[in-house]
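Two complexes are shown next, each including chain A; its partner changes from chain B in the first to chain C in the second.
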Partner chain A sequence: MSCTVLIVDDSKLARMSVAKSLRSLHPDWTHLEAANADDALAQVRKHKVDLALLDFNMPGRDGLTLAAELKAIDPSLPLAVVSANHQEEIIRKAQEIGAVFLAKPLTEKVLAEYLSGAASRRNAAAKE
Partner chain B sequence: MNDLLQQFLVESRELVAQATDDLLALERTPGDAARFDSAFRAFHTLKGAAGIVDFDAMARALHAAEDALARGRGAPMPPAHVGDYLSCLDQVIQWLDHLEASGAPPADAEARADLLVRRFAEAAATPGDAAGDAADDTEADLWVDGLLAAAGEARAQARTALRLRPAEDCFFRGDDPLAVIETLPGLLVLRLEPAGPWPPRDEIDPFACRLVVLALLSAPEATLASHLHTVHGQMDVVPLSPAGPQDTAPSALPAAARALLEAQLALLSDRGAEAAAGRIASAGRLAENVLRRVGAAAAAEAVARAAAASAAAGDPGPLAAAIRQALAGATQAPAATDAPRAAAMADTARTLRVDVARIDALVKLTGEVTVAKNAVGHIARLAQTGTDLPALAARLKDQHALLARLTDELQSAVLNLRVLPLRHVFQRFPRLVREISADLGKPVRLVTEGEATEADKAVVEAVFEPLLHVVRNALDHGIEPPARRSAAGKPAVATLRLHAARQGERVVIAVADDGGGIDLPRVRRIAAERGVAGAEAVAALSDAEAIDLIFRPGFSTAETVTGLSGRGVGMDAVRAALARMGGSVAVDSRTGHGTTVRFTLPFTVMVTRVMTVEAGGQAFGIPMDAVVETVRVPRGRIVRVGAAAAFTLRERTVPLLSLARELGGPADGTASAEAQVVVIGTDGQIGGFEVDRLGERLDVVLQPMDGILTGMRGIAGTTLLGDGRVLLVLDVQEML
Partner chain C sequence: MKDAAPILSELELDALTELVNLGVSRAALSLREMVGEQVLLSVPTLALVSSAQAIEILKEREDRDLVAVHQAFEGDIAGRAMLIFPMTKSLELVRAVTGGELPLEDIIELEQEALAETGNIILNSCLATIANLLRRNLKMSLPEILRGESGDFFALGPGSQADDIVMFLYIDFAVRERDIRGYIAMLMDMPSLTALKELLGDFIERTVGTPN
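And then the complex of A and B:
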């Protein structure tokens, strides 16, 4: 099933890189981009989003805060918080919110594993 | 260059600018938490960006910087650390420049990253860490020995041993320790061992990780750090065979590259064969490409230089020697850093990054032009039927007006493609001013204004050097030492203002200091001493004219040539550089209050307003901004001065040149009773060109001379006339 993935990162380079991996992994999927938490919320309200990848380190509200806000809108939305900082605290908080922690830079392999898991969970949830 | 790399360059430069800004602010107010966070984020994002494009050396250096920043969080930043971080950013800029010019990181990037990593490590060294390491030593040996014993042949290559004890709940944290180990560079041996005795079978928790991961790697320890901090748990990394740090030099070429280079050597040594020049050229190019491909940029440059030398001498010797040296891995230290820099500048001028909106504007205009073309076609068909000519003429006139507007718009849209903000230049100054001011012991506050002002890319790129020179002068000569400033009742911290603004078709960049102003008596004295002008002439000059002395060749007011200003370029070089861009420089000085140097530059260097003239039966263009006036001079008033001629214009003697003769043609036209003269003024010099006829005034897009005509003197460029003829536009400055 085709999915819509929301990529949130203040770095356009990071968004381009994830989008590129995404295109090669799932050419039929679509992606949306947002440069900050507010853009991300606007995208989620406007479009049907199946998956979101959130950068942790962003100006304004960080990825964890955004993850909590997104969960409030759609509790079943699979989320991943992506960061190059591997502090236990961030990882623990991500888990508390119900998001998966992924290390930056996001390699195609890591992304592929995460996406297959998340998409199948999303589909399973949709069928219930 | 792919789009990711393009974006990397754009984004990294922005981040460097942001971080520089923040660091300089932190230097003023070391406890500013918002600035600290911003700087931290910039370093962090830069590190991430480097990771995305696989620029490991840069990622490593920035990781070290970020770690150092993280350690210092919450405390005011010591000024010495600001310098460390700025040096790191400076290195990043150099890497970006190299990457932009050649598409690959420089060969010495790893070594330079090591230096930075060490610098940050030294700044952070605490005795506590060392004690902790020492305690583990004896135990460490055991597992490393076991691993090496099991390694077999791979043992010789092993540089690092690694032991990872993942946290028991690592699977729940989204960790995949094995996947991480798999991504490590140079994995030679991988062993999994139980972390301890296995519990009874019915008590085993299948979701708990009870493994120890042991690995031997051929990569040195320093290159692993950026991979390893993704895993959680206890980790031991032991460097092996520390005796060979020189091995880290990127000397080993891949086998394929080696074979190709050796084949070129064989080709070059084949003295019997014909066409030596062709062989030198092709072997040189291939060797250079091979070396560039494997990232040995320094060696590639050496080969390129040697190939040029070989081609010039017709002797394959230098090239063969350079290839042999590259094979031996003897990459020369990059002593001549200036040369690649200059090459980089030249290269970047040929590629262009363009805002999408500007392309969109072009696409839209193209559409409108097509519509206009169709309308004209329709009118043409109507004209063929020959009906109602006055009505057709009116419609044709309308369409012509429309097309005229569209071509104007199209022209400015195209020129806009070449536009860059001056930020590109200004952003380099905070760090430079900081360094210079520290060297001189003169505290300076730099204020930049109007960074968003745009100018032609060629102008923006060429203006850095002259601007830097003027800024150096301001700091070196203009701004007084703090003590003298205080004595004069001025704030001890001087202010240097860099200001840019668009004024019509011109861009004005001003460098203003609040120093002592230009010491005119001294300028006069020195000008006389150095023979820049005669003593009497100097004395006769008004103050405004005396200031102009600093632009004369051979003038330099520094009594002792300092490392900063005394680089053999004076203000005359600044003036010449600006003239080449079609700009000018002016100085305004108020004794005791400061000096302002103002560059006036064309917004674009492409459109030139020219006057066409005819001489010797050919049409030439003369740039309008050089034309003072046109006069008709009766032959009787032309005086012969030796082989030359001159005439008097408003009590000023003007040398007269025959344009036709100057350009090597026959000097006819003397038959007429009056000479048609175009009076040209540039750089305060004045001269007259006799021409046969004056033509019209045109706006032309000047094409620089290329191919074999590059560097032809006296010609600024060419343009195509409406009737298809080529118009040569004269470089009158060169001719006077």
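And then the complex of A and C:
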């Protein structure tokens, strides 16, 4: 199944890097980009999004706050919070919200594993 | 004032901010391990400004009675990095990293050494991450403890001019449970910025291929 992935990061370079890995792993998937939490919410309201990757440290609302807001809109949306700041409090909060924590810089291998599991969960939720 | 804008492109500035973000995030992890409490970080502020403006920015923040752990770095890029916090928080930081069981007189005696070691770990963690991502070696000086006003910490060195363009960045950190807060600041001079531009170009190409 082709998926639409939302990439949220205030760094254009970080978004480009994830988009490059996505194109290499799943050439048939599409992606959307957002530079902050407000842009991300606007994208989710406008488009059908299947997965989202959220940077943690962003100006305005951080990735954990955004994750909670996205879960309130779509509880079955698979989310990953991405950060080099893997302090246990941040990982725990991500898990409490129902998001996966991925370490930055994001390698293609880690991204591939996350996408595979998240896409399966999304498909299973769609069939329920 | 010299025009700073053409020195780095928008994408190069973005890449630099992201590098600093990664570096400081690793540094926060090191500090978190030392104090046993969550360390909160702000988004980095990065600007290409004159030396005089950088000092002005620092003066506009909390300006007096500060302690700084200062380390110079050199290699393909060179500059100065500092961990700065109010003097009133210095003993609390030492108390946090020493486990909080020592009597006050021992903490006071250990202050200088503990600050130097804490600053060394945090600044090295940050700079080493940046150097590794740029695939370059940086040689770091030994940590030095400075006390006074923020403007003095980055006072102009011999031969430097007030309108020299420098890369200035800072990021706030706080350990909420311990009432510890401060910031990391970094200054890099112009010859380094030219070298940095080249290194950032290589980093961008490794990360995303040749940008359009």
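Just so it is clear, the second predicted complex is superposed on the first by the 128 of 128 C-alpha atoms of A that agree within 3 Å, B and C clash if a C-alpha of one lies under 4 Å from a C-alpha of the other, contacts with A are read in each partner's own complex, and residues count from 1 in each chain.
In the analysis below, contacts are C-beta pairs under 8 Å (C-beta built on N, C-alpha and C of every residue); 3 or more make two chains touch, one makes a residue touch a chain.
What you are looking at is a predicted structure, and each value in this text was computed from that prediction instead of being measured.
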Next on the checklist: Is A:Lys109 touching anything from chain B or chain C once the two structures are fitted on A? First, second, both or neither.
Outcome noted: first
Checklist entry - Which chain, chain B or chain C, is in touch with more residues of chain A? => result B
Checklist entry - Which holds for A:Glu89: it touches chain B only (first), chain C only (second), both, or neither? => result second
Checklist entry - Which partner does A:Ala40 contact after superposing on A: first (chain B), second (chain C), both, neither? => result neither
Checklist entry - Which partner does A:Ala118 reach: the first (chain B), the second (chain C), both, or neither? => result neither
Checklist entry - For chain A, what residues appear in both contact lists, the one with chain B and the one with chain C? => result 10-14, 16-17, 20, 57, 59, 84-86, 104-105
Checklist outcome for this item: Given the complex, residues on chain A that touch chain C span 10-14, 16-17, 20, 57-59, 83-87, 89-90, 104-105
Item to check | Contacting residues of chain C [partner chain A, same complex] | outcome: 10-11, 14-15, 17-18, 21-22, 25-26, 28-29, 32, 38-39, 41, 43, 129, 133, 204, 207-209, 211
Item to check | chain B-touching residues of chain A, taken from the complex the two chains share | outcome: 10-14, 16-17, 20, 57, 59, 84-86, 88, 91, 94-95, 100-105, 107, 109-110, 113
Checklist outcome for this item: The chain B residues in contact with chain A across the complex are 3-4, 7-8, 11, 38, 41, 44-45, 47-49, 51-53, 172-174, 176, 179, 183, 229-232
